[in-house]
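Two complexes, one shared chain (chain A), two partners (chain B, chain C).
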Partner chain A sequence: MTERIDRASRSLILSWPALTIVSLVAIPFLLLLQVSVGHHDPSGLWSPGFDLSNFALLADPILLRTLAYSAGLAILVAIVCTAIAFPLTYLITRMPRRRQIAWLILLLSTLSLSEVLVAFAWQVMLAKRIGLSEIFVVLGLLSEPQSLSPGFGAVVSCLIYLVMPITVLLLYPGLSRLDRDLIEAAQTMGASNRMIFLTVVLPMLRGPIISSAILVAVFTIGTYVTPSVLGQPQQWTIAVLISRTALSDGNLPGSAAMALLLLAVTLALTGGTILLGRKKESGT
Partner chain B sequence: MLGLKIETVSKSFGPFKALDRVSLQIPQGQFICFLGPSGCGKTSLLRLIAGLEQPTSGRILLNDKDITPIPANRRGFGMVFQSLALFPHLTVEQNIAYSLRLKGRDRKQQSERVEELLALIRLPGVGKRQIGQLSGGQRQRVAIARALAQEPMLLLLDEPLSALDAKLRESMQVELRLLQQQLKITTILVTHDQREAMTMADTIVVMAAGKIQQVGSPIEIYREPANRFVADFIGQSNLLDADYEAGDQVRVGDYPARIGNISQLIEPGRKVTISIRPEDIRLSPAGATGPNQLPGQIIFVRDMGSSIEAHIACAGKQIISVSTPREWLGGHANDAVSVELPPEACRLLLE
Partner chain C sequence: MKARLVTAGQYVFLTIMALFLVAPMVVVTAVSLNSTRRMSFPPEHVSLIWYGTFLGDAGWRASFGSSLLIAVSAALLAMSIALPLSYAIWRFVSPIAQGLAALAMLPFMLPAVVLSVVYLIFWGWVGHPGRIEDVMLSHAAAFLAVPLVTVGLGFSLIDKSLVEAARTLGADETAVFRSIILPILTPYIVSGLAFVFVLSLNEYIISYMVAGFSVETLPIRVFNSLRLGFEPTMCVGATLFMLVTTGVFLLIAAIGDLPRLLGADRSRG
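Then we have the complex of A and B:
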């Protein structure tokens, strides 16, 4: 009797995560699949059917170039962002407790700003008249004020700003748990701060570094608002192309097929990074 | 002077005084133990010597050279941490060779030195293993080998044996002591375990409340404790309140007693403490007469086979005597006995 209740309550408890997975992941994905094989119908966006011709769009060289560009951008942002966030997080974990909390709250609060808001704020900041351009002139980096957006630099800077708090939050637990004794032991064996960082801190945090880099890359590869606001057409990412296909061209099945391709590339990128990290680990 | 010299070193953490004007000389080649309860400042003193902390005031000299401003990574002292602090991402070999790699020694020199050290700690052939694959005792030895790799002037050990089980700890104590005698390296061990200190040290530095209480050989510390704290902390001690009379005479409660080896001048009538070790107390049947015989009553007997411990009510206090089975006069709780405090075993403590 009790066993039966146990089993019943257990399946009830487990049904909750199952329900979320089905409703939030499986159903949207199946809908996407269905749309991608539907008929292109200029009057009502799409109609049900089985039409593989939508996938022919994927052979378009412009699309492939954009996809490669998006992946490259994602990798670049992931590398630069981790490279900046890691020393920053390390410094935060060495601070007294209260100051650590202040820094984390500051970084977290930037997450409350929407991507749209941040992208337009960067547009203002990078404008010719007011903002960074004038400061660069004072510093001697630029000879005269100029507009720094739209452009590749503007897109990358804004993306880094957007994902930096996430990276810090992902690296923080690992870094704050790093045993102080290990650092002091390295010190007594003659290691300078730089060598401690390179030979102890960095290798011990390979796991958190890889996972935060993957997250940043996944977040960036599908970015849409930032390149639309701060980029020229050649800085448009695959997400911008998908939205144009869907909204301007009214080709929903075509854009669904492109979205599936993006999903496949993202999975390949993630898998590749994990494999690379594992290989390195067994190598040393 | 060859060796380490600590000159009136103080260390404060905010309002807390971890060390209060500590001065100490450690001759080269000695094995020193800093012994004391937790919070007595022993670890702070070790960290100051290692260069991991800076003193609030005072100087630290090595072979008459002031090393106070030199940071830990340029002092070249080997240190073994309580947590051992072995690098989990490196193999045994890479752990031991860490300091050599930093010094830019070539691979051949590194591996030769690693082999030599693995042989020294009697663990040949484990070089390629991961730290996680070693047992507690093996890790312990690897940590010692790693600290020795750079041929340090000073080996600093911060309670490195405290994580081991009792049996392994005892054998590691002996092993560590033999290793130190073989290498003749000046070694400082921090411990709260007096047995450990007695086993290993040439000199014990007893510390409490940020101050040095006594410096001496293990037997000096045990036989001639400088004050109540040392007498109580090192081994078991019976502390009896007494009134000083004159010469070598004191009065314990209502009974007169004689004390051997009084070195200082004491004014008559002063309150003093007599410290006597449990194994120095002799028991005889009640009614025995003679000098330093006090009447007592057995409260409790604990027979541990190799020795017999008796708790006795005597002179208004509960005292403990330890006898070998051969010496033991027999007796049970509530039996009256005569307690003899041999004059030469009694130590007079002021304060």
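Then we have the complex of A and C:
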């Protein structure tokens, strides 16, 4: 009897999640697959069919170069960001609780800023009149004040700013649960701080490091706003091309095919990072 | 001596990082307080004149309003899906619930531009393109993973023997939910709602591709103005947005255990 009620209430409870998830996740993704092989209609729509010519668009050298650039940018940002975020997170987890909370709120506040607002803020900050370039002149890095955007440096700095909080928050649980007894044991045995960091802390955090690097790379490879605001056309990413194909050219099947290509590259990047992590593990 | 040097190095590093994180917010806020139309920092004369202009402009107010409306609806919608699903996963061993949850995690793990193409195509296919509801539903689906994770974390903290005891003593399902489950879950529900709210509030590319021509959210409006050139009211919009989102996180920190929520172990923290 209770078994029966359980089953009935289970279906009742699951009906709303099932309805919404199937119609808002499963169906839209299947539709993407269907549209990628649909016929392109010049009116801006598409008609069902089995047209592989959309994938011929993908052989375009500009598209491939942009894709390679986006992937390279993603890898660069993931590496630089992890290298900065790791020591930062480590230091935060060693702080007293109140200061920890202050840092977490600061990070969450920057995380919650729209990419549009952050890119805009960087544009203001890098403008000639605002003063960052004047600080650089005082430091001897520049000979005279100049606007630092648009440019590759502006794009990379802004992207690192955007992903820094994500990385810190993903590394935070692992680092704050790090077994202190183990570190103390290493210290008593005379290991230097550097040794402890390299042989105790780093290996234990391999999982979170890999997953945060993947998340950062996925975010960066699909970024649209930062390169359009802070970059010149040669710094545009694949996301800019995809949205142009969809909206300016009105070619939905073409943009669907490009989105699938980006998905494939993202999966390859993710898989590659995981494999790299495994390989290192077996190496030590 | 060496230890002191290391500490000084840490101090410098932390200061640089804090400056790096705070600088864009400070610059935008300062420029929003400028009395002239020119973009200059530090402001020549501090004044709230552009706040008046911003609040008096029906276009900016409408953008702020639709952003808030979309964010609140997306958060509630995502929670209405995540809560029963997490409950089902916790209460019954259900492969269907597990499968649905796995599917629901998918959008959050993909580049945003892919999702924007997916939903652009989807709402056109449904025959209901360019509406504000489309953005709400697309955001709810895109960020569904967030409440699933926070509420799931909440359920994992519930002592099942306590629930068994309550049942043995004759409490029915509703009573158990109200008296045991809900009190433990509340902070996780609130934080799940807050995270989706903030993510949706700031999202650009999905809103733009799904309904950018008819619904102008605040990020879309700022982006459009960026193309036309600098306007001091943009800094006002940005500053007000930062205040709203920082306020939300201060609230979470005040009612919940922020380090724990973000995964720290309380016994050590």
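A few notes on this one:
Methods note: the second predicted complex is superposed on the first by the 264 of 284 C-alpha atoms of A that agree within 3 Å, B and C clash if a C-alpha of one lies under 4 Å from a C-alpha of the other, contacts with A are read in each partner's own complex, and residues count from 1 in each chain.
Here, contacts are C-beta pairs under 8 Å (C-beta built on N, C-alpha and C of every residue); 3 or more make two chains touch, one makes a residue touch a chain.
Just so it is clear, the model here is predicted, and its values are computed rather than measured.
When both complexes are overlaid on chain A, the residue A:L108 reaches chain C alone and has no touch with chain B. After overlaying the two complexes on the shared chain, residue contacts for A:R98 are found with neither chain B nor chain C.
Of the two partner chains, neither chain B nor chain C is touched by A:R194.
Shared-chain residue A:E184: touches chain B; no touch with chain C. By the touch criterion stated above, A:M204 is placed in contact with chain B alone, chain C being left untouched.
Considering which of chain B and chain C touches more of chain A, the answer is C. The part of chain A that touches chain C in the complex is made up of residues 6, 9-10, 13-14, 16-18, 20-22, 24-29, 31-32, 35, 45-46, 84, 87-88, 91, 93, 97, 100-101, 104-110, 112-125, 127, 129-131, 161, 164-165, 169, 172-174, 176-177, 180, 193, 218-219, 221-225, 229, 238-239, 242-243, 246-247, 252, 255-256, 259, 262-263, 266. Considering their complex, residues 6, 10, 13-14, 17-18, 20-25, 27-28, 31, 38-41, 77, 80-82, 84-85, 87-88, 91-92, 94, 96-97, 100, 103-104, 106-107, 109-114, 116-122, 124-125, 137-138, 140-141, 144, 173, 198-199, 201-205, 208-209, 218-220, 222-223, 226, 234-235, 238, 241-242, 245-246, 248-250, 253, 258-259, 262-265, 268-269 of chain C touch chain A. The residues of chain B lying in touch with chain A in their complex are 50-52, 71-79, 81-83, 85, 87-89, 98-99, 102-103, 146-147, 149-150, 156.
Chain A makes touch with chain B in their complex at residues 179, 181-182, 184-192, 195, 199-200, 203-204, 284.
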